[in-house]
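A short write-up of the structure that comes next.
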Amino acid sequence: MQFPKALALRELAEQLGLSFAGDPNHLVTGLNEIHRVVAGDMVFVDHPKYYDKALASAATTVLINKEVEVPEGKGLLISDDPFRDFNAIARYFAPNTFSPLAKSISSQVAGSAQVHDTAVIGERVVIGERSIIGAGVVLGNDVMIGDDCIIHANSVIGGDAFYYKKREDGYEKMHTCGGVEVGDRVEIGALCSIDRGVTAITRIGSGSKLDNQVHVGHDTLIGKDCLFAAQVGIAGCVQIEDSVTLWGQVGVPSDLTIGKGAVVLGQSGVTKDLEGGVTYFGSPAEEARSKYRELAMIRKLPDIIRKLG
Amino acid sequence: MQFPKALALRELAEQLGLSFAGDPNHLVTGLNEIHRVVAGDMVFVDHPKYYDKALASAATTVLINKEVEVPEGKGLLISDDPFRDFNAIARYFAPNTFSPLAKSISSQVAGSAQVHDTAVIGERVVIGERSIIGAGVVLGNDVMIGDDCIIHANSVIGGDAFYYKKREDGYEKMHTCGGVEVGDRVEIGALCSIDRGVTAITRIGSGSKLDNQVHVGHDTLIGKDCLFAAQVGIAGCVQIEDSVTLWGQVGVPSDLTIGKGAVVLGQSGVTKDLEGGVTYFGSPAEEARSKYRELAMIRKLPDIIRKLG
Amino acid sequence: MQFPKALALRELAEQLGLSFAGDPNHLVTGLNEIHRVVAGDMVFVDHPKYYDKALASAATTVLINKEVEVPEGKGLLISDDPFRDFNAIARYFAPNTFSPLAKSISSQVAGSAQVHDTAVIGERVVIGERSIIGAGVVLGNDVMIGDDCIIHANSVIGGDAFYYKKREDGYEKMHTCGGVEVGDRVEIGALCSIDRGVTAITRIGSGSKLDNQVHVGHDTLIGKDCLFAAQVGIAGCVQIEDSVTLWGQVGVPSDLTIGKGAVVLGQSGVTKDLEGGVTYFGSPAEEARSKYRELAMIRKLPDIIRKLG
């Protein structure tokens, strides 16, 4: 998320009632999460395990719960609760971004697009030329649909991220203010859910085709010409490169990368990064032929055990 | 389900054209299924395998297809088809409880709650303070939503139980007349389905968070502060204690209990009661480290088989 | 799909700008895909692997990308791109069959049926006596619902087939112009998706009951009195015979047959045709007892390996 205008580190610190370290005039131009940060962004970190990653990231401002040395050219905001303060800034700059109550006020629908009367369109939605939005579809705020797309009935695009901070007294919700970017010639089946990014975007690349009941989590980036069969579930912050095929009911947990042209067979569960150009099977998913060999071995177990007497 | 007023055993028997055993003035105050019965309730049983369980349960009246000895302080109704007669009573006292045709006549929505125009609200629905009901959400009859909840777009809460009696000529539907009780600070993702209880309630405990496309069956009781990732499927009559985490695509069949604080990793299939405080993996799900050891062993099989020559 | 009137092979060839082989007056009465063809139908084939199957099928006309010998009594259309030309004919005869934009113009709803105000009904939809169509349900074009059915909230019946031709520059969509036929006394849960056939029909047999979030692909034929628990996913062109039970989250890939009375336990993944009357478990699914023996063997592996020292 970009701020409407750049803020000096000192200004931001005052607004939040926090101390800071670094040049008071250091500029902060937006906020983002660690997977998507670029220069100008502020990122938050509240666990020692991730301090180094956050401080060394492309983010030029770090909201952190410890006084550490300021990396060169960067600024720090010191908070006893970075999650709370990150959320506070997000809510301040994007207060009305709650998708389930979406009303079409500020959207741009191409003249040649067709939107069913029962579809619900949020704010700042863009729908490209010749795209078709089916009955009962809900497009939350900040959803961009390219040209020549089809979104089938009752799908929900732009829902909130499933992202919470565990507190003593329960889970605190991360305020979602990112968006979804759907490329051109994308087809999304009935009853799919594509969550929007927390502060950045979730992307479905041009030419990709999703069958019914597919789920895609927040900030996941899907390449071009991918094919996902029904009931595939992809968590948040996943990166799927171009031309990847996932067959029915495949599951992909967060933060993983699946390389270009990989094929993952039905019901497989991915548990690590997968190289491109290879076919995988199983839960946990392994290279398919080696998995088949394993299954054949298991079938031989009774014989082995008999031999061992 | 509680009857509008208590009925004498004799009255109920006459109404159904059945014989009875026990004190004619024995009172029946409601009906319920075996997992939820309390004193005053009638339960039905039509299979010898379950006679003892029903007769010894908290239910004080048993609708049964055999003349057995009357337990002390209880009453029996003797029927050649207890399922049919149980359904008949349920339909008599709750005739209009069909959720898919829900119309908002008798519902109570808090002034501070926000309900999208396209949401459909059934009868006897209660929505608490500051709760948000998204676009296209369907709340069937007898659904209670607490305070500070969010129900995301196109979710369906309060659908009928998936519960049938197998007959010679096909499946006969159990009449659903229970409800759903959602606690406070619960978030339910897009495209989730939570079925209502057959005669009692399905409960989502306060503070629990469900991601998109989660299914919860009838009469399942979910504790506080649980976290269920996308595409989790939980059958009917399951008991999930507080602070349980189920990762994506986990499946839980009916009648099981998952203990407090258990964590079940992605795609696992639960097949038995799980103790609390432990992490599980696999289908069937086992303690995660022991499952990982198994998987490591399987990878060694080629070596073992080679050694055996 | 049947053409409005029979066409001579010569006429069809001229219309498409193609050459033909066989009797110029040979009649073509409709088109269909290979799984559903009958006499009079045209089928397309564009891969040498399937030439023999297409030429020997019940289809009496074959749209093919090679000049081959004409089977007796049949006709051939020779095209450099049979997929393109098959799609062109389908679009010509069924131009307006796009489901997501369904408007109720030409539908027949029985007087005793109940359709929720928020349901969306496509063209040429038939709804039988006493059937109930819940809130937010979308019935695409060419969907026939029998008598005494219940379709629960937000389900989508009659969506497009997930069927594409891979081209150099991405996936080309197959034009869907078939329908869905739901028998009598069928119950379909909330948030289910049943795609329509490409040119023929997808069928849910009388008396079958589907729980919530079930997916059924195009051209799949499901028998009578089947029971599918929540989140079952069935691909396209599957044949499921009568009285089959699939428990929660079972997956069935395309083109397979499951025999009468088979039971497939939760989370299983079918990978081959399954004989009827047998219980299966696992991914890949095997006869359940043999699968359980396998699992028991795996648990003994540590012992075996210890013995081998």
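Letters A, B and C mark the chains as written, and numbering starts fresh at 1 in each.
We adopt the following convention: a contact is a pair of C-beta atoms (placed from the backbone, for glycine too) under 8 Å apart; a residue touches a chain by one contact, two chains touch by 3 or more.
Treat the numbers as computed from the prediction; the structure is a model and nothing was measured.
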If you apply the touch rule, which chains end up adjacent to both subunit A and subunit C?
B
Call it same or different for subunit B and subunit C: same when shared residue numbers make up over half of all numbers used at their interface.
different
Once you find the CA centre of subunit B and the CA centre of subunit C, what distance in Å lies between them?
33
Multi-chain contact sites of subunit C, meaning residues that touch two or more partners
118, 136, 154, 191, 213, 231, 249, 267, 283, 298, 301, 304, 308
The subunit B residues in contact with subunit C across the complex are 98-102, 118, 120, 136, 138, 140, 154, 156, 159-160, 162, 164, 170-171, 173, 191, 193, 195, 213, 215, 217, 231, 233, 235, 249, 251, 253, 267, 269, 283-284, 293-294, 297-298, 300-301, 304, 307-308
Can you check the complex and tell me which residues of subunit A touch subunit C?
114, 116, 118, 132-137, 150-154, 185, 187, 189-191, 207, 209, 211-213, 224-225, 227, 229-231, 247-249, 266-267, 283, 295, 298-299, 301-302, 304-305, 308
